[in-house]
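All remarks here apply to the structure that follows.
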Amino acid sequence: MTLTRSDFTYFMDVPTRWNDNDMLGHVNNVIYYSYMEAVVVRFVSEVLGVDWYTSPLIPYAAESLCRFKRPLAFPQKVEAAMRISHIGNTSFSYELALFAEGDDALYAEGRWVHVMVERESERPTPISPDIRTTLERYKVEGS
Amino acid sequence: MTLTRSDFTYFMDVPTRWNDNDMLGHVNNVIYYSYMEAVVVRFVSEVLGVDWYTSPLIPYAAESLCRFKRPLAFPQKVEAAMRISHIGNTSFSYELALFAEGDDALYAEGRWVHVMVERESERPTPISPDIRTTLERYKVEGS
Amino acid sequence: MTLTRSDFTYFMDVPTRWNDNDMLGHVNNVIYYSYMEAVVVRFVSEVLGVDWYTSPLIPYAAESLCRFKRPLAFPQKVEAAMRISHIGNTSFSYELALFAEGDDALYAEGRWVHVMVERESERPTPISPDIRTTLERYKVEGS
Amino acid sequence: MTLTRSDFTYFMDVPTRWNDNDMLGHVNNVIYYSYMEAVVVRFVSEVLGVDWYTSPLIPYAAESLCRFKRPLAFPQKVEAAMRISHIGNTSFSYELALFAEGDDALYAEGRWVHVMVERESERPTPISPDIRTTLERYKVEGS
């Protein structure tokens, strides 16, 4: 079943840039990850309250994935959507989608796994109860 | 079992750039995909003989994935490695790994799926016998 | 005299991205040019009516310059500002500035020179009367 | 007089990447600055001995400029060349050029100004005698 905006719980607009496009006139597929990173990074700082410079525990990307459904192109405006799909002991996962403004079509779907690590040692650390509670709120029932 | 260079059949050196590093002093995880893209794109043009500007059939990325094993950082020199892991009717898959010069450790492993499309219509098209034969040579027995 | 928003005639908001920041926690100076390019490229397509894919005459960058006044950093929102400063026979120049949302300070000032070229031959071509008239409207008296 | 490799005193090879190219099939002009940055950053760390993470004094870019002479395109290999052109009290300047492997033509020429700053305060600081002596060695007589 194709994903729609209503499957997601957190959103961010990401304008494309001229040099996001490659020689074929489409957004380069590497850049799709930068759109997904944008929404993930904002969620981590604004919703989870992590300060990338000072928080003792920060999330590291352990895995990401993207399925390219149709080509995006500058000057489209991208709408990056996410929900939390899994919460483990030290890691949690996002399901992601990229839409374009004014368009219901799914342009890409993706996955992202974050592992919580201790900043200095870079060792995995259990997710705190506060963050776990917040993550739960961004899951979708049945997902 | 951890991947080593001997699991792969095609290689490319990719020097890191200063602004590949992010605020945490590591290569930004989005950039890992640009290293994997480098080896894939060169393989397609130099080995498969595809001209991105003029060939009537060109491969489009359908999916990619990366598992981040340990942080790369400028000024390390990356060695991107690949092998063909699957050849279907219109699509084929790569298994990828990123190593660093002078170091046996695996920094990242990945996957990439290419679909052969007709340039104008952007519709999937069967892989030609010539390209299939070449792809076979870059598989590893038992993989 | 320090430049302010009122010195300019065309504006574009450009959100910063996480990986615009470099190891020092500031937007990498190369990225400042991508912000300036954003406003220039949009001006060329939306105001001058150039279609980058099909117009027979398109502008090529001949020169650019940036003076870095203070560091930008993600997640600031950049406001890129421009005016036309000079109109020659085949080329025209922009004066540019980068501001941050909610802040009067000048973060960077720049210059950009475009040469109008014939798409196929890549040879300089006189600016058409229509485009000249439009460019005049984006100059500032006395600049 | 057109610049040639013999006008310069320090060099670095910078392979182009697939997504350095823009929609017009040329290296995007913003990326030229990333090639110039590559040689400048390496010079600062390898010749001047600055550690970007720990040195108390580090250079900040105050200004850069590029004149685009002819289009570079992936998969060309870029050769970035520099010399020191001016040494002031707290700042010093580079003259830069971009060449392509196996080709005498000048693809771009540029300028870069570094100001030495104290890491914590970000305030300009006089260039140390040691660094001044090293910089002198990378000037060219009469330049």
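Chains here go by letter, A, B, C and D, matching the order in which they are written, and residues are numbered from 1 within each.
By definition in this document, a contact is a pair of C-beta atoms (placed from the backbone, for glycine too) under 8 Å apart; a residue touches a chain by one contact, two chains touch by 3 or more.
Bear in mind the structure is a predicted one, so any value in this text is a computation, not a measurement.
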Which of B-D and C-D has more C-beta pairs touching across its chains: C-D
Fitting chain B to chain C on CA atoms, where both chains share a sequence, rotation angle to nearest 5 degrees: 180
Mean-CA-position distance for chain D and chain A (Å): 35
Separation of mean Cα positions, chain D and chain B [Å, integer]: 31
Length of the line joining the C-alpha centres of chain C and chain D, rounded to whole Å: 23
Residue list for chain D, restricted to those that touch at least two other chains: 18-19, 23, 25, 28, 30-31, 34, 37, 53
Residue numbers on chain A that touch chain C, as the complex places them: 14-15, 17-19, 25, 34, 37-38, 41-42, 45, 53, 75
In the complex with chain D, residue positions of chain C that touch it: 23-24, 28-31, 33-34, 37, 52-53, 58, 60-68, 71, 122
Residues of chain C defined as touching chain B within the complex: 18-19, 21-23, 25, 28, 30-31
